[in-house]
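Shared between the two complexes below is subunit A, which has subunit B as its partner in the first and subunit C in the second.
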Partner chain A sequence: MNGAYWGLTTLDLLGKLDALDSNEVIQWIMKCQHESGGFAGNIGHDPHLLYTLSAVQVLALFDKLNVLDADKVANYISGLQNEDGSFSGDEWGEVDSRFSYLAICCLSILHRLDKMNVEKAVNYIASCKNVDGGFGCTPGGESHAGQIFCCVGALAITGSLHHVDKDLLGWWLCERQVKSGGLNGRPEKLPDVCYSWWVLSSLIMIDRVHWINKDKLVKFILNCQDTENGGISDRPEDAVDVFHTYFGVAGLSLLEYPGLKAIDPAHALPVDVVNRIFFQK
Partner chain B sequence: MNLSSFWSLIPLIDEVGFIHPSQFVTLNKEATSSLKHEDANFWSRDHKLAISTDVLLPLYNAAKDAFMHAISQYKRHGNLSDASGYASNLESEAMKHSKALLLLSCDFGTAWNFRKLIVSKKQKIMLFLDELLLSALVLSYSPKSEKSWCHRRWVIKMIAGKCSTLQDIAGKESELVEKIAERSKMNYRAWNHRCWLVSYMTTEQVLHELKKSRNWAGLHVADNSCFHYRTRLMLRIMEEHCHKLEDGTSDENNEIYQIWQEELDWIEALIKRYVGREALWLHRRFLSLSWIRHFTTTLGDTSNYRAYNDFEDFQAQAMYSATYILWLTKQISDSQGIELPEKPNLGSLETMLNMACPERSFLWDILTRITGKCDEVLKENNC
Partner chain C sequence: MDAEEQKLPLSQNPEWADVTPIPQDDGPNPVVPIAYKPEFIETMDYFRAVYKANEFSPRALQLTLQAILLNPGNYTVWHFRRLILDALGIDLNEELEFMSGISENNPKNYQIWHHRRWIAEKLGTDVASKELDFTKEMLFLDAKNYHAWSYRQWVLQTLGGWENELNYCHQLLEEDVFNNSAWNQRYFVVTGSPLLGGLEAMRESEVKYTVEAILRSPENESPWRYLRGLYKNDPKSWISDPQVSSVCLKVLSAKANHVFALSTLLDLLSHGFQANQEFKDAVDSLRPSNSDPPDSDLAKAICSILRHVDPMRVNYWTWRKNKLPLSV
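Moving on, here comes the complex of A and B:
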């Protein structure tokens, strides 16, 4: 399901969503829905928030949110909120600030944020903040650019960015840019194309994107493309995959690269899709 | 693909790996023992199992089909209570297949979930502990497997309160993370698990962990996760200390003062020995900031503030040391209204940064300006 979201969002950013038969995709997605309302990664598997958001995002791309029983999906999601405001990923109870983002983003797309306790959810995310300004999986967890995207994205959607120390977090995030122009996700790590999305979207949401060298980052991403078969890899010369292709293209979209649709940094969907969700009734 | 030779090997192993067929020749030469398993696709000895990469895909497909079939059978009939043992037979079949599948596909969530379902129905400590063994086996071939780490946390949450050996388990878990971190560098999932364990540790354990992980950290100075783990441990110690001060059960800072002092001395020595390591400088940011926040006001002693002016020739070291001072200046002015005993000269820091890393001059300009702005605010407030 995540693969479907990565591939299809990339196609939409490239203006080529019609390359696939939308009915076939939608039928498959609906076969992945569990009786609880949540979606599984594939037919016959167990549901999880990870796949529920991807399923809803793909339906939004195709302007087919109306095939969903939105209340049923929203009940599945709000049922996973815990007493302290955190979210479990599924019925087995693993807690992670990523799951808070999945729940908040998904309920926002479904216009059902009122089904959860937003205040408690925001406070839990704020409790995952570290001395370096970043965020971890749970309170006291190490800062990681992927977790930071989730926490900042969730705070942005709920209008709670005042919980972020923007200069401090911006400082940590801009220190992710290495000599080659690429971004890493944690100190001392190699750069990886996927952080072009996670670091960059966070910097945009906190209005500090001018703290990195954008031209060098564009060059780094372009260097990761396999010009023979089109895909993008984590680093130059590595094997390509749909995950890094999406994050490369989404990063280039945030960098206003010509020929790509604009992407919304919080909902991780093309801006025209987000506008359709929120401004067209 | 015939799964039976694979199953027959599984109960005996404690480590599994995937190898290229050409490596079998070497393994077979070395293995003179009769324990060797005679099969072109598997090799097993001393409880280690190697699987040929040639056979992985068909083996995975067979294991997946067998598991999916077994759980659909179980879901259809498994809840029947019958004396013939039909239901329990279905259950053990599905458990067997889930295990085989997880040894080939570490993040197959539906298989992990099925095991959780069965084990939680039985509520036997031994069965829960068996799940820790299976998860360790999966981690032996896939040390970053998120679902395997998650399965361990589920087990620990399930037995917490039921099991008198919980502290022993927390200690053993911590050892497992260290063993895996040795083979798999900068493993976020592994270290995140260790950070999570801290809330299950006693104060003595936390102090012991702090002592024990120091050697490891000193040998892995680029592994930021280990330094973050020390941050986590130190913050827990600080938290308990602050509670004691509030309760009035303690009124002295000596012990905690000493812990911070030792850590600051140690990190300074490491920074001098290993030039230009980002993780060391970031740990120092944390230590110095919390030192100034907690001890300058309570002890009125700023003599231990460690501004690092000993610039090395190496560019990275110069850059990290200059951003260290900038960062600290900004943070202190921002939060506490504490003035640094020795004001850094922002202009000369910017010059230093431009010399060390001229291609980022736009950033040094921004960072110096926001630090300068904080400093201004501080001056105004003090007037």
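Moving on, here comes the complex of A and C:
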């Protein structure tokens, strides 16, 4: 299911979503829905927040959110909220600030944020903030660009960015750019194309994206391209995959690279799709 | 079941003769059909059958093991395994041993860590030191493994075992002073350990420790941020503590790797620190020879140097410069 989201969103950003038969995709997605309302990674598997958001995002890409019983999906998601405001990923799963983002983003797309306790959810995310301005998976967990995207995204969607120390976090995020122009996810780690998305989207949401060197980052992403067979890898000379292809293209979209649709940094969907959802445009 | 029988495909194994396997339903026109291996297909077909029948039996437990070895990311299989372990009252210490075996090959698998947490929670405080030793082994393979750190923090908070944790952080930082995970853990211990008395009680010794680490590698981002964190919610002490300003001065005077020393001094100045002539001279001596005429304002001079020595973030340092009050 995540693979479907990565692949299809990439196609949409490239303006090629019609390369696939949308009816077949939608039929398959709806077969992955569990009686609880959540979606599984494939038919017959068990539901999880990870796949539920991807399923809803793909339906949004095809403008087919109307095939969903939004209340049913929303009930599944709000049922995963814990007493302290955090979210579990599934009925027996662990707690992680990533799951707070998945829940908030998904309920936002479904216009059902009122189904959860937003205040408690926001307070839990704020408790994952560290002294370097970043966020971890749980209170006390090390700051990590992927977790930062989830926390900043959730706070942006719920109008709670006042919990972010934008200048401090912005500096931590722009420190992630290394000599090659690529971005890493934590200090002293190797750069990876996927952080083009996690770091850039966070910087955009807090209005600090001009603090990094955009030209060098564009060059780094383009250097990770397989120029013969297509696709993008984690770093130059490595094998390509759909995960890094999505993050590379989405990163280039955030950098306003010509020929790509704009992507919304919080909902991780093309801006025209987000406009359709929230403004019926 | 003897070894001979175990090797037989399930469909030919008499022990499984009573079970009708349930094939995967991909729908009539699968969009993304996956080319599974025959062994995987058979195992999962039998798994679906025992799962559907809620069969909590030794053979079903064995089957979940087979399924897990084929795909350790299938959280449904793990969940079912926990139900069987519960139902059969299996000794969870054995399960913990089994887990250690498969963790080394799957150090970043969410389900494996989650399963381990479930077992340890049931076994309680008796396994605290065992679990801390286990994460130590995993961190020996990769000292920045996010899952291992997350689990270790959970063990400390839930099962205890704080006694040697600060020492462990020290050991890791001796091995690699650039390990940001170890610095983060150090902060977690200093602020969270019930044995140490909290941040303020630990501040003096921690500042000393951090200053030494900075002087060994002034280009290391982590201890600089850690130093700032030691004065959380107490900017007054941060500005007035001579240990903070003097480590900046020492690094500036050494004239190498001084980006974080400059940025820390800039932060101090922005919060009201009054720098004496020594600081001004040290900053002035770092001014690139080809740069503009010297700024009379120290904070502005620092921003100009940072723009020069850290060109990747030139826009950030320009912003810092523009944000400064007109004359300090």
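Criterion: the second predicted complex is superposed on the first by the 279 of 281 C-alpha atoms of A that agree within 3 Å, B and C clash if a C-alpha of one lies under 4 Å from a C-alpha of the other, contacts with A are read in each partner's own complex, and residues count from 1 in each chain.
Throughout what follows, contacts are C-beta pairs under 8 Å (C-beta built on N, C-alpha and C of every residue); 3 or more make two chains touch, one makes a residue touch a chain.
Keep in mind that this is a model prediction, so the values were computed, not measured.
J.: Subunit A superposed: clash or fit between subunit B and subunit C?
T.: They clash: once the shared chain is superposed, the two partners overlap in space.
J.: One more residue to check, A:232. First (subunit B), second (subunit C), both or neither?
T.: neither
J.: For A:144, is the partner it touches subunit B (first), subunit C (second), both, or none of the two (neither)?
T.: both
J.: Please work out whether A:46 is in contact with subunit B alone, subunit C alone, both, or neither, and reply first, second, both or neither.
T.: In the superposed model, A:46 contacts both subunit B and subunit C.
J.: May I ask you to decide whether A:27 touches subunit B, subunit C, both, or neither, giving the answer as first, second, both or neither?
T.: second
J.: Of subunit B and subunit C, which one contacts the greater number of residues in subunit A?
T.: Between subunit B and subunit C, the winner on subunit A residue contacts is C.
J.: For A:94, using the defined touch cut-off, is the partner it touches subunit B, subunit C, both, or neither? Pick first, second, both or neither.
T.: After superposition on chain A, A:94 lies in contact with both partners, subunit B and subunit C.
J.: Now for A:169: first (subunit B), second (subunit C), both, or neither, which partner does it touch?
T.: In the superposition, A:169 contacts neither subunit B nor subunit C.
J.: Figure out whether A:3 sits in contact with subunit B (first) or subunit C (second), or with both, or with neither.
T.: second
J.: Can you list the residues of subunit A that touch subunit B in one structure and subunit C in the other?
T.: 44-46, 48, 90, 92-94, 131-132, 136-138, 140-144, 171, 174-175, 179, 186-189, 210-213
J.: Please name which positions on subunit B make contact with subunit A in the complex.
T.: 68, 72, 109-110, 113, 116, 150, 153-154, 157, 186, 188, 191-192, 195-196, 198-199, 222-225, 228-229, 231-232, 235-236, 277-279, 282, 285-286, 289-290, 323, 327, 330-331, 334, 359-360, 362-363, 366-367, 370
J.: Please output the residues of subunit A touching subunit C within their complex, sorted ascending.
T.: Contacts found on subunit A: 3-4, 20, 24-25, 27-28, 31, 42-46, 48, 90, 92-94, 130-132, 136-138, 140-144, 170-172, 174-175, 177, 179, 186-189, 210-213, 216.
J.: Give every residue of subunit C touching subunit A within the complex, in rising order.
T.: 24-27, 29-32, 48, 74-76, 79, 82, 110, 113-114, 117, 144, 146, 149-150, 153-154, 178-181, 184-185, 187-188, 191-192, 221-222, 225, 228-229, 232, 312-316, 319
J.: In the complex of these two chains, what residues of subunit A are touching subunit B?
T.: The contact residues of subunit A facing subunit B are 40-41, 44-46, 48, 90, 92-94, 131-132, 136-138, 140-144, 165, 167-168, 171, 174-175, 179, 186-189, 210-213.
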